[in-house]
Amino acid sequence: MTSLWTYANPKKFVETTDKVLPFVSVLAIVCLVTGLVWGFFFTPDDYRQGSTVKIIYIHVPSALMAINAWLMMLVASLIWIVRRHHVSALAARAAAPVGLVMTLIALATGAIWGQPMWGTYWAWDPRLTSFLILTLFYFGYIALWSAIENDDTAADLTSILCLVGSVFALLSRYAVNFWNQGLHQGASLSLDKEENVADVFYHPLLVSIAGFVLLFLALVLLRTRTEIRARRVRVLSTRQRME
Amino acid sequence: MIALLLRDLRLAIRAGGGFGLGLAFFLIVVVLVPFAVGPEAGLLSSIAPGILWLGALLACLLSLDRIFALDWEDGSLDLLAVSPLPMEAVVSVKALAHWLTTGVPLVLATPLIAVLLNLPGEGFRSLILSLALGTPALSVIGTFGAALTVGIKRGGLLLSLLVLPLYVPTLIFGAEVARRGLSGQDTSTPLLLLAGITCGAIALLPFASAAVLRVNLR
Amino acid sequence: MPDLGKYTDTVLAAYAVSLGLIVVLVIVSLMRSAKVKAQLQALEEKVRLDG
Amino acid sequence: MLKVSDLQIARGGVPVLQGVSFEVSSGQALVVRGPNGIGKTTLLRTIAGLQPALDGAVDVDPDDLAYVGHADGIKSTLSVTENLTFWAQVFGQSDISPALQTYQLEGLADRPAGLLSAGQKRRLGLARLLVTGRNLWILDEPTVSLDTNAVEMFSACIRSHLAGGGKALLATHIDLGLEDAKELDLSPFKAKPMSVNAFDEAFL
């Protein structure tokens, strides 16, 4: 069995993902559509929240992906630091914008959903605030990548920033909890644990979560391939100049 | 190590050293607040701890890119990298020098400046304690940010973008201590957490900063 | 179209914003992918010719 | 003993030199020559440990080398003595008078370095080497902006360093009049453009 690290070779990675990407993309679209359609059209209103509960099918999956995207970038950064494989560094670079968009979606849906419940668009609720902080971390990470010309220096610096940032993101997560009790729903909508909301909402939610995960995967694969090709363009053009 | 610290302190005090800059900025920010929110004493005293903490944080932030920029330009950083001093030591001494030239003057000046915001008497003790405990973390985290952006031209804005999110826990706990001190509540929990973050930062961040500097020196 | 009651605009707004952001992200990613692929083809062509 | 074997180095990700091998034993000096941009500075920085090599090995004692780059690392608001004393203390030495005498800087001792001419600054940068007490000197274009008698001062200083069992690795264009200094032309080691290197090979 070829070891996992062979996929870290960019050429091989691009070849293997040629086959995988279409498959994952189609699967992502299917899951997304079924999950959202099922949740949107075929589930009853919540006795308390009315139809706004339908926002759950976007808010919860996007919030989950926002956190998992950063964790994936953290793992990719560790792999870059330890094994120096270009693909993992470029995958982290590719995942950052997707994670950022997921965070923005979670924030937007959270704020919009909160409006009827809490009466204001933006309440400084610990979970929403920690997503706001996560957005800042994403911006910083992406900005650092674009600020440095040399690819490998950029990879090194951003991976160290990701490590340090993760520790402080975690610290902020609990500092924010300490700082304000919060209006967010209780465990029924918690982002980490399995939802224990009523079954009828539960199954479509799982499908849309699967849809979001596959969407994230497809986007990261696509963007990583683009980063690898962009890197190859830079290498070839510097070589052109050298002759 | 001491030689580097003394040199940096001497440089800061000498002409163009930027010793008083952080302090001046802190004073200006605090003076501007009443213009922005109105002179009403009750309002000012309630927001005073937060404003003073924010002012101290921004003052530290502003003087960060001077930490490595000068040594980077005149080649001292390369020479220090080859000297017997390990990079971790160089980074820690730089953070300490930044704290001594920016953090400490802030803490000492806070009582005077807090009067401008009608901070009631009982609020002083906890505010100064929280600043004294918090500013070292601001310096160490800031040094990490400065090391990250040392090679980037005009990296000042990027430095702020990278460092501000890292400042959030310190700001939250620091301002919380000051606020609780003001209203007479027990400040032990936020104080311990603040001290914890500072000690953690002092102990661990120099390794990250040194690694980043070695990458930038390549 | 299910009757969303008084929260119709809230729910629709949330879905519109989210799907909008996702669509924008997908389109931007696809366009960039195509652009870089074209650049690469052009460069490899040049390298093969005078390689 | 400095031993470099089959070294391959890159600048900004692009390979510049490969297959470089040489040795410098105590009491010896090696002058590295080659056209501009061949990679002299990169080679010296790699040996000084400021930069990792792509391939090959550098057998050197990192605690026994001193490096002088293009920039002298001099603080303009500090005086000559303060600059030298600082570097002396960093390297665990204390006496800076021999360094001042060798480069005739006693007259400028209390003058802020900012008011020195380029040549005087370079002499101060070279004087710094004398307070490091290190055996292997790595010098990148040491004689730039030095006038003739300053160059003579420098050659005398190098000769006494070598006589004392020291080693020197210099990159320079001018002839320093060091009789037994070995020379190494880097042109044959130029990395062939089409050469596949471990660094970016992953992307070819």
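The chains carry the letters A, B, C and D, assigned in the order they are written, with residues numbered from 1 in each.
We take it that a contact is a pair of C-beta atoms (placed from the backbone, for glycine too) under 8 Å apart; a residue touches a chain by one contact, two chains touch by 3 or more.
Note that the structure is a prediction, hence the values are computed from the model and not measured.
Undergrad: Which one of the chains is farthest from chain D, going by Cα centres?
TA: Computed centres place C farthest from chain D.
Undergrad: So the centre of each chain is just the mean of its C-alpha atoms; given that, what is the distance between chain A and chain B in Å?
TA: 32
Undergrad: Using the average of all C-alpha atoms in each chain as its centre, how far is it in Å between chain A and chain D?
TA: 48
Undergrad: Taking each chain's centre as the mean position of its Cα atoms, how many Å separate chain C from chain D?
TA: 53
Undergrad: Let me have the rounded angstrom distance from the C-alpha centre of chain B over to the C-alpha centre of chain C, please.
TA: 41
Undergrad: Where in chain B do residues touch two or more of the other chains?
TA: As it turns out, chain B has residues touching two or more other chains at 218.
Undergrad: Judged by the touch rule stated earlier, which pairs of chains are there in contact?
TA: The set of touching chain pairs is A-B, A-C, A-D, B-D.
Undergrad: Can you name the residues of chain B that touch chain D in the complex?
TA: Checking each residue of chain B against chain D gives 2-4, 7, 10-11, 14-17, 70-71, 73-76, 78-85, 217-218.
Undergrad: What residues of chain A sit close enough to touch chain C in their complex?
TA: 36, 40-41, 45, 50-52, 54-55, 58-59, 62, 97-98, 101, 104-105, 108-109, 112-113, 115-116, 215, 219, 222-223, 225-226, 229-230, 232-233, 236-237, 239-240
Undergrad: Which residues of chain B touch chain A in their complex?
TA: 144, 148-149, 151-152, 155, 158, 161-162, 164-166, 168-169, 172-173, 176, 190, 193, 197, 205, 208, 211-212, 215-216, 218
Undergrad: Note which residues of chain C are touching chain A in the complex, please.
TA: My answer: residues 2-8, 10-11, 13-15, 17-18, 21-22, 25-26, 29-30, 32-33, 36-37, 39-40, 43-44, 46-47.
Undergrad: Applying the document's contact rule, which stretches of chain D touch chain A when the two form their complex?
TA: 12-14, 193-194, 199-200, 202-204
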